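What follows is a pair of complexes built around subunit A, which joins subunit B in one and subunit C in the other.
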Partner chain A sequence: MSRTLAIQMLLRRNAKRLLGIFTTLLVAATVAFFMLKITPGDPVDVLLGPLAQIDLETRETIRADLGLDQPLIIQYLEHIGRLAVGNFGYSYQLRKPVLQVISENVGPTLILTFCATILAVALTWILVRNITSRFGKAVVHTLTHIAVVAPVFWTGGIFATVFAYQLGWLPMVGGSWWQQLILPTITLAIPLTGMMTQMLTDSVADHNEAAFVISVRARGSSEKWLLRNHLFRHAGANLVTFTAYLFGSLLGGAVIVETLFARAGLGRVALDAVLGRDLPVIMGMIVLLTAVYIQLSMLVEFVIGVIDPRLKA
Partner chain B sequence: MTVSTPLKAQKRLVHFGTYLAFAFLLVIVLLAVFPGLFATFGPLETSENVRQAPNLEHLFGTDASGRDVFNRMIFGTGASLLIALTTVTFALLVSLTVGMLVSIFRGSQKITAKASDVLLAIPELLLALIVLAVLGKGTIQVGVAVAIAVLPAYIRVSLIRTREILVSGFMVTSKQLGVSKFKSVFTHVLPNLLPRMLLMAVLGVGTSLVIASSLSFLGLGVQPPNPEWGAMLSEGRLELSRAWWISFFPGLMVLLTVLALAEVRAWLKRVFA
Partner chain C sequence: MKIKFKKLLATLIIPSVLLVGCVDNLQDNNSEITWVIAGNNLFNGHMDPHSSQLDASAYLNRQIFDSLVSVDDDGGIKPWLATEWSVSDDGLSYIFKLREDVTFHDGEKFDANAVKANFDHVIAKSTESAQAASMIGGDSFAGAFVLDDYLVELKLSNPFRPLLVNLSSAFLGMYSPKVLAEKSQGEIRAGGPEVQVGTGPFILRESVTNVEMLLERNNDYHWAPDGSRDIPRVNALRILFVPDESAREIAISRGDADVASNLSGISLSTLPAEVHINKTPSPGVPYSVYLNTKRDVFKDVNVRLAFAYGFDAKKAIEAAFQGENEWPLSILSPTTAQSYLDTAKGFAYQPDLANKLLDESGWTSKDAEGYRVDAAGKRLTVYWASWTPFPPEHQVIVNFMVDDLKQIGIELIHEALEPAQYQAAYSDANGLKLDFDLTDWSFASLDPIVLSNHLASGGYQNASAVSDAEVDAWLGQAAIEQDTEKRRLLYQKVQEWNEANAAIVPIYLPQSVVAFRDVADLSFDSYGWPLFYSAYLL
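So, the complex of A and B:
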């Protein structure tokens, strides 16, 4: 293949991908905008709060100031234009720019989800690699089944009761930042570990009689070697996709853990925004999450290409 | 890909766990339909025995207003199951319709898949939260929110299965034999689509139950003092330091229900696959 042709293909592929990213973000932004519009209640009322008794003239001024007197299509285009330059609007409740609200709270959630993912990967690694006895496998099998379906609010409640209130090993309020991180991390990591372990063991069981496995056995490799260097590797690409997907879903799922353990974070911001009907914040979160999801899927594509070169497009 | 299939004893289809799961689900349904038969206290009956640990009179203890947790749980079963079942029925009907429509208007496959993919990017719980931001809190609102939140996954599975059916040999043959698209939807697509969707719906009841309870746990669902598992979890959250049993037992019920449904699904898979 000539060099110019290769460059052309690369450009075309990336252009297509960029277009895809752009459309996804645009759809997210559009959905967010129309959601705001179908919500009952006058935004001016929400904005004014206790000052809602203000005279009609002032209301009209505010309305014009917010651009709410414009036709819907103009409002929509302006909304998209503002998003394009990174202006997510103002939070009704907190009276701060949405971007500031999100950036102030993204740290704790990121730390929590990151720690939970790392812990889950480590636990899965330990469980799947080292437990080889039949009894041990049966125990792991049962535990993962429960871990996958156990609601986070339930496991979290048990951890809080046992380790914070009954044993008093960890504080529920106060304490250093890492002490506050332990219980939420474990709570969030449990379903994750269950899902990843299940996926790995299922994949191993599915391929136990595949041609490549039989050929490795035929050359006399030990079962341990087979497992570590062939079966796990085979499941690797799927596992990376899955982990990234779970990491993305954790960002949303953190709302339960953050409420239960009274932690600051994006989940709490989302919940407060829902309770206070603070729609600009919610809209910002939708667009942000979509962006995160796109980033993750691009990262996954790259990592998979390294693990399994066959899948590189 | 299997190279050789060693002779193995026929795997047992029904495990001990399957019986347990069915028995548990039967009890749950009975509790939901006839709560009065099992109750010893009213769901809203208060007493001065507040925050009593589980004992013989109050099997699962009492809450902050002295109401019996065991009985509130019984009376809450109906509401919790109703939300889960309605949302799943809704998602099932919509996804079946989408699958059937797509097999008539084949050109719309890609755009529908894309649309459900965008929605799938948002975690279910967050999607439900977004809907609740528009609708406000309450029981019916939570039902709608859960239904919308679980829908993208159903549509995705329905689309995948429909595509499998559309490219399969029998569809090609039926087209060559001159069966109209409209007729083949009912004679070929639906009968093949339905089993897969029903299988999904079995565990889907559990998923809906967990999402609905999570929303109630956050204080957005069934409002106190009405009994419902999620609402009880929400009340128990604030009492966790003094009375763990208020939220432990409703949570356990959610967990056991989902476990039982998962076992029923596994059983169905063993029998039919």
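So, the complex of A and C:
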């Protein structure tokens, strides 16, 4: 293959990818925009609240200030146009630039999500290593079921009551940054662990009767060796994809934990924005999260290639 | 492998426990008060007391902003930033003499020009004031005029009786004129150390959205509302925003926080003995349901009265609050200044009377489920829309009401709507829409003028859609009446009118519950909101 051809191919491949990214972002932003517009409720009224003593004329002024008096299609084109040039606009509610809102809150959420994911992966590893015995399998199975079905507000409440209130080991509010991180991390990691463990055990079970497994067993290998060196490797690719997906969904979805433990974060920002019909913030969040997912999927592709070289080809 | 696992656990847990222990011991008593509040809405553009109507905006900003006057426990007006004042006989002119020794946190001088700048800000269209403007009379407020460096006049086009008492509110706190001149209204609403600049006992130093605010003592402060000349006794006040109530309770139980606000009172008995509680019934309109007198079945006063007498509110609030909140007899709280109807009987549970009223109105047949139906077979159903978040205690009350009302044949359907949905049902571009039979809220107010908003035709909170010439006349006269006794009688007439008409059905008396521990000399204003200027840690 000549050098120019190689460059051409690279460009074509990346152009395709860029187009894909652009289309994904556009679709996400468009869907979000129209979903918000068809739900009842006016951002100005929500902004002011039901007990606000503001006359209609002033309400109209605010509406005009926010550009909400424009026809829908103009509003849509304005939002998309601004996003296209990287201008995320100004939050209706917080009265701050959207980029500032996101950058103020992204740190705590990233740290929490990262720690919870790491903890969940570690716990999953510990749990799944025990599924070789029938008893171990039963215990892991029960634990993961509980972990998956227990709602986060409930487990969070239990942890707060036991570890902060009863035992007094950790502060409920205040304290150092790492003290503030422990209970939210564990709370958030529990359902993740449940889901990851279920996914991994299912995947192992799927392959348990595969030809290569029978052949390894026939060579007299122990079950543990089989699990560690063959089955995990097969299931690993799925787990990486799944973990990345969970990580992405947590960025905007840790709202319950953030509220319960009074942490700053994107989850609370997103919830407030949706409730308040704060369109610029919602659009900003969508663009951010979509971008994160795209990044993650690229990372996943790379990691899977390392784990399972067959997929690289 | 089991041994390894135990080792792993040990390596993870032991250092954590040790570290937690160490950090606990390191926390010293460095005279910083930690105050946990719910207040998570504040950061959504509600940091400006001149434009926000949220209670939290008032009680948080109270620590930063002072007012012209203050109110004592008996409802009397006392000097604060104004040393004396005079009111003209026609009630249209208020002249205030100001203290000459007051400076703002940014070094600006407090004088008549600063006061004028503040009132100009309150009434400016761009401020979009949701409460403060109406507290100075709304359209009746004709402006603030500088008479001298320390002499300022507030003019009204119509008398507005509650002006003085309202001027004591934090909603009418005094900003540094520099902030008002240099910052946009958007910036002022968002707040922050550069913006929330007053003359108050504490200076805002740091603000982290949805998490915390750090206030430091104002070392120049010697104009406290109680007349003391002492600076605050603690170095700092740290305000933590904790939306979850149980988290606030745990925080005060553990001592992570010294003061906790926004407690509903249910689990107060479970708090440790060292936690003290201050309960103040909120003045103003109790938590009530507002029956839409212009819609469907509630057009009939008999049906409204049957509804009001048809459920046992006392039993419901006993279950919801475990005896911590009282049942109100009238549509004003007994703590509302000079207006309470002492003879109020309230809508006590009388199912027989309710049944009789419904029979009289022709709702005599019942369907298979026991609900009353009209001649056309249409069920006697009322739809109640609430604003979310809808507290669990209120849900308990709803459940009791649904059961009781079913006994007399009324079907009550309750729905807690998302804020935007609620707003769409509540009002539209043409004004109040009231697309429901009833809705609910409480409204704190030191002055009974709050009834004008709720019951006068065109009142911005008239969710009962009342338009009654007599009521309008009483409320109109009460707003300008200078004689305290005459004014009291007018408000008592309005309360009697409601007893006969059931436009508003009071359910319980809300109260400000503040828990505190190891804090002395914490004081409370008339709303029961904490004031920290004299407080110190034990």
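Everything that follows uses one rule, which is that the second predicted complex is superposed on the first by the 246 of 313 C-alpha atoms of A that agree within 3 Å, B and C clash if a C-alpha of one lies under 4 Å from a C-alpha of the other, contacts with A are read in each partner's own complex, and residues count from 1 in each chain.
The rule is short, and it goes like this: a contact is a pair of C-beta atoms (placed from the backbone, for glycine too) under 8 Å apart; a residue touches a chain by one contact, two chains touch by 3 or more.
In this text, all values refer to a predicted model and were calculated from it rather than measured experimentally.
**Student:** Please indicate which partner A:24 is in contact with in the superposed arrangement: first for subunit B, second for subunit C, both, or neither.
**Tutor:** So A:24 only meets subunit B here.
**Student:** First (subunit B), second (subunit C), both or neither: which does A:261 touch?
**Tutor:** The answer is second: A:261 touches subunit C but not subunit B.
**Student:** Contacts for A:158 in the overlay, against subunit B (first) and subunit C (second): which applies, first, second, both or neither?
**Tutor:** After superposition on chain A, A:158 lies in contact with subunit B alone.
**Student:** Just to be sure I read the superposition right, which of the two partners does A:105 touch: subunit B = first, subunit C = second, or both, or neither?
**Tutor:** Second partner only.
**Student:** So, A:150: does it touch subunit B (first), subunit C (second), both, or neither?
**Tutor:** In the superposed model, A:150 contacts subunit B only, not subunit C.
**Student:** Give one of first, second, both or neither to describe whether A:282 is in contact with subunit B, with subunit C, with both, or with none.
**Tutor:** first
**Student:** Is A:141 touching the first partner subunit B, the second partner subunit C, both, or neither of them?
**Tutor:** It touches nothing on subunit B or subunit C.
**Student:** Classify the contacts of A:37 with the two partner chains as first (subunit B alone), second (subunit C alone), both, or neither.
**Tutor:** Neither partner.
**Student:** In this superposition, which partner touches a larger number of subunit A residues, subunit B or subunit C?
**Tutor:** C
**Student:** Given the touch rule stated above, what does A:233 touch, subunit B (first), subunit C (second), both, or neither?
**Tutor:** Neither partner.
**Student:** Determine where on subunit A the residues touched by subunit B overlap those touched by subunit C, and list them.
**Tutor:** 39, 157, 160-161, 165, 172, 259-260, 275, 277
**Student:** What residues on subunit A touch subunit C, complex-wise?
**Tutor:** Per the touch definition, subunit A meets subunit C at residues 39-43, 45-54, 56, 58, 60-62, 90, 92-96, 101, 104-105, 126, 129, 157, 160-161, 164-165, 168-176, 179, 182, 259-264, 268-269, 272, 275-277.
**Student:** Help me check something: in the complex, which residues belonging to subunit B touch subunit A?
**Tutor:** 1-5, 115, 118, 121-126, 129-130, 132-134, 136-137, 206, 210, 213-214, 217-220, 233, 236-237, 240-241, 244, 247-248, 251-252, 254-255, 258-259, 262
**Student:** Where on subunit A does subunit B make contact in their complex?
**Tutor:** Touching subunit B from subunit A are residues 24, 27-28, 35, 38-39, 145-146, 149-154, 157-158, 160-161, 165, 172, 209-211, 214, 248-249, 251-253, 255-256, 259-260, 270-271, 273-275, 277-279, 282, 285-286, 289-290, 293.
**Student:** Using the touch rule from the top, collect the residues of subunit C that touch subunit A in their complex.
**Tutor:** Touching subunit A from subunit C are residues 1, 5, 8, 16-17, 20, 23, 34, 36, 40, 43-45, 53-54, 125, 128-131, 133-134, 138, 186-187, 189-190, 208-211, 238, 240-244, 246-247, 250-251, 253-254, 256-257, 387, 418-424, 426-427, 429, 431, 441, 443, 453, 460-461.
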